[in-house]
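Look for chain A in each of the two complexes below; its partner is chain B in the first and chain C in the second.
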Partner chain A sequence: MAEPLPPGLDNERMAGALDRFRRIVGQEWVFAGERAASYYDPYTIANDPNAHKAHAAVAPASTEQVQELVKVANEHLVPLWTVSRGKNFAYGGAAPVLTGSVVLDLSRMNRIIEVNEQFGYALVEPGVSYFDLYKYIQDRGLKLWLDVPDPGWGSVMGNALDHGVGYTPYGDHFGMQCGMEVVLASGEVVRTGMGAMPGNNTWQLFKYGFGPYVDGMFSQSNFGVVTKMGIWLMREPPGFRPYLITFPREEDIEPVVEMVRSLRLNNVLQNAATIRSLVLDAALFSTKSQYYSGAGPIPDSVARQIMADQEIGMWNFCGALYGPPAITDVLWAATRDAFASIPGVRFYFPEDRKRRPDILIHRSDTMRGIPKLTEFGFLNWNGGGGHVGFSPVSPITGKDAIKQYRMVSGRVREAGFDYMGLMAVGFRELHHVTVIVYDQANPREREKLDQLFRLMVREAAAEGYGEYRTHIHYMDTIANTYSWNNHALLRMHQTIKDALDPNGILSPGKSGIWPKRLREAGKR
Partner chain B sequence: MNHQVLRSGLVSALVALAIPATGAEMTGKEVFEHYCSACHGAADGPGTMQLARTRGKEQALLVERNNLTTDYIEFVVRHGLRSMPPFVPSDLTDARLQALAAFLAKSR
Partner chain C sequence: MAADWAHAGRPVGVHGDVTAVWNDRLDRVTRERQLLISGVTAYSFFFCLKVLVSEHSALSERAVRVGRDLLYWTMYTTPRVRYGT
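Up next is the complex of A and B:
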């Protein structure tokens, strides 16, 4: 089957552009035809086989090559879909929103430019993965820790730009970003913050520079191609004490989250801790068929059996204490006392956990910044392979937590899936991330998932809950829920887009932002 | 960048190291360890667990399989299979994929 073309381009024009791309990056770094297959969304949701299908991919090795590529893309009106490493699989992987786009794959730009132990930061290119940066730090014995998301193969830069989260005190990845280099659609290179001053020595130390702070414009956006980014790294603490607190009932989420808010605002809770659901944790190291052979979600009796078998709760609060023992002892006492009144609560340190593999042993690594892929074990729960994240944000209140849990788990179970969710604790908000694992090879299941997802978005929006991040298939849908004052924010995004990228070549449709040229033709 | 390098001197670990250099040669074993082992290297890796579920424990660890062909490995790596996503050729290059396939198919 011929690779699809984007709106307004014919085969001849696209072929001409790809030839020009080859002259810039080298013949072997343009991938077309069957060679582009690795850039398709492996966990597709749409039943249209051409939806979100790339025409080709091009992989530059330097900022200069990116500059040359965007100039050619402007001449030929070729849409470029930028990915750092393309490993954002719960949200579409390397696949573009706009069918027929050419993926601008930055994997080869994988230089670790600087790791600074004195000040605790790294300056990296987009192709640097968490595994790469971790190995670099370990090989040199630097006293620095990463903050990692669950997929260790992801891009340090890409995850921060997509507002990803981790699990140490540095869990807000974009919050830890400091200084960028960006190629604009014109081909011009901009450095943000202090990087704009020649000879300045605080590019990775002070975010704001002088004048408007523009770095946020390049996150979850299509206003430029970020080619370098600074990220702050945590100093290795003098002590680390991970813990697991389990709660036996669904309704416990309400008092637990009330406690969590108090602990977080008082800085007793130091890290981006998570409250994880039973099936999410059970699915890492066991399969549904070990416990249940019926259709649909597991019944309560099976849930109880899993809890007893794996020594986990209906909710599992994974956190960690960082610092010298004199401090962590006090923080632990306050944490333990906060939850002690909840009936059936259990407290564990790693030495209390005898089963292998074990959730706390695994999460202990993650909460100290060791990159892994262990979390993908949940895909084995029912073997379907496909997964998508539904990720609304709420205040840290017990009332919101249980309301969200009931809304989402009710719909998920109604559709026949098990609820696999977690609530990640930010500075003032909860990210309620639910992964839905489905059989991507089954068109009916994809259709069911699609209907479920759209329903959950509508219902969440009606209650004031917005998603912080989404799959390429739902970017317009989510953008449309941020509609205050007749979509004023989206219209402002479009104005900026049209000013910076008048030909609309950079990632059309990203976060619902379409350039003027494709505003109608691009939307499905 | 030079100003930063000069300023940070000894505390700044290194400048402009590409990991891994995509043109560098790697043995099949090195490719496996770099790209595959996080899922397929240990008994509790998610890839190993999936294979145990779908093909039985004796077929779960890739390095112990004796029924893998180079064509099959290359196809799965480029296209993905069930939970496993594809690996793009800009990262896991064709040369590395060939080395990996030869390594995993060695016992045939």
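Up next is the complex of A and C:
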């Protein structure tokens, strides 16, 4: 099957552009035909085989090559879909929103430019993975910790730019970003913050520089190609004490979240802790068929059996304490006392957990910044399938938590899936992330998932809950829920887009932002 | 596990996450030479290994389901030009 073309381009014009790309990056770094097959969404939701299919890919090795590529893309009106490493699998992988785009694959730009132990930061290129940066730090014996998301193969920069979260006190990844280098659609290179001053030595130390703070414009956006980024790293603490607190009933989520807010705002809870559901934790190390052979979601009796077998709860609160024992002892006492009144609560440290593999042993690694791939175990729950994340944000209140849980778990179970969710604790908000594992080989199941997802988006929006991040298939859908004052924010995004990228070549459709040239054709 | 890997052709027990097996030896070996790897594992192990190997090797693979939760798979890997400088 011929590779699809983007709107407005014919084969001749695209071939001409690819030839020019080859002259810039070298023959072997332009991928077309079969060689472009890896730039796909492994967990596609659409039943149209051409949906979100790339035409080709190009992999530059330097900022200068990115500059040259965007100049050619402007001449030929070729849409470039930028990926750092293309490993964002729950949200579309390396696949573009706009069918026929050329993927701008930055994974060859994988230099760790600096790791500064004195101040605790790294300056990296987009292709640097958490595995890479962790190894660099370990090999040199630096007293620094990463904050990692669940998949360790992801890009440090890409995850931060997509507002990804981790699990240490540095869990807000974009919050820990400091200083960027960006190639604009014109080909011009900009350094943000203090990096704009020649000879300045605080580019990775002070975010704001002078004048408007623009770094946020380049996150979840298509206003430029970020080619370098600073990220703050945590100093290795003098002590680390991970813990697991389990709760036996679904309705416990309400008082648990009330306690969590108080602990978080008082800085007793130091890290981006998570409250994880039974099936999400069970699915990491066991399969549904070990417990249940019926159709649809597991019944309550099976849930009780899993809880007993795996010593986990209906909700499992994984957190950690960081600091010298004199401090962590006090923080632990306050944490334990806060939850002690909930009937059936159980408290564990790693030494209390005898089963292997075990959820706390696994999460202990993650909460100290060790990159892994263990979380992909949940794909095995139904024998191996695709997954998509539904991720609305709410305040840290018990009322919101149980309302969201009932809304989402009700719809998910109604559609025949098990509820696999977690609530990640931010500074003032909860990210309620539900993964839906589905049979990706079954077109009817994909259609069912698509209907379910759109329904949940509508229902969440009607209650004022917005998603913080989404799959490429739903970017327009989510953008449309941020509609206050007749979509004023989206219209402002479009104005910026048209000013910075008048030919609309950079990642058309990212976060629902379409350039003028493709505003109608792209959405179709 | 390291001792097991010293004997090519012998099966290696794995549990869940591919990361340890990958870091232990497979990452290096698949960059250096062609390799035939087979396994009977859950889907996630196969998927993750496939993604990791694809970063620096051409890959041809086949997988057959041998039960509700298990796949029997083979991968034939050939090192590609190395990314990066």
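The working rule: the second predicted complex is superposed on the first by the 523 of 524 C-alpha atoms of A that agree within 3 Å, B and C clash if a C-alpha of one lies under 4 Å from a C-alpha of the other, contacts with A are read in each partner's own complex, and residues count from 1 in each chain.
Keep this in mind: contacts are C-beta pairs under 8 Å (C-beta built on N, C-alpha and C of every residue); 3 or more make two chains touch, one makes a residue touch a chain.
Keep in mind it's a predicted model, so treat the numbers as computed, not measured.
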item	value
Simultaneous placement of chain C and chain B on chain A, clash or fit	clash
Superposition-derived comparison: chain B or chain C, residues of chain A touched	B
Touched partner set for A:G152, first chain B, second chain C, both or neither	both
Contacts of A:Y136 with chain B and chain C, given as first, second, both or neither	first
Partner chain in contact with A:I113 - chain B first, chain C second, else both or neither	first
Which of chain B and chain C A:Y482 touches, first, second, both or neither	neither
Contacts of A:F376 with chain B and chain C, given as first, second, both or neither	both
Those residues of chain A which chain B touches in one complex and chain C touches in the other	38, 42, 59, 87, 107-108, 110-111, 127, 152-153, 285, 287, 289, 357, 372-374, 376-377, 379-380, 383-385
Chain A-facing residues of chain B, complex	1, 3-5, 7-8, 11-20, 22, 38-39, 44-46, 49-50, 53-54, 78-80, 82-91
Touch list for chain C against partner chain A, complex	15-19, 42-44, 46-48, 51-52, 54-55, 65, 68-69, 71, 81, 83-85
Contact set on chain A toward chain C in their complex	28, 38, 42, 59, 61, 87, 107-108, 110-111, 127, 152-153, 284-285, 287, 289, 357, 371-374, 376-380, 383-385
Chain B-touching residues of chain A, taken from the complex the two chains share	29, 31, 35, 37-40, 42-43, 57, 59, 85-87, 89, 93-94, 105, 107-108, 110-119, 123, 127-128, 131-132, 135-137, 140, 142, 152-153, 199-201, 203-204, 285, 287, 289, 356-357, 372-377, 379-380, 383-385, 441
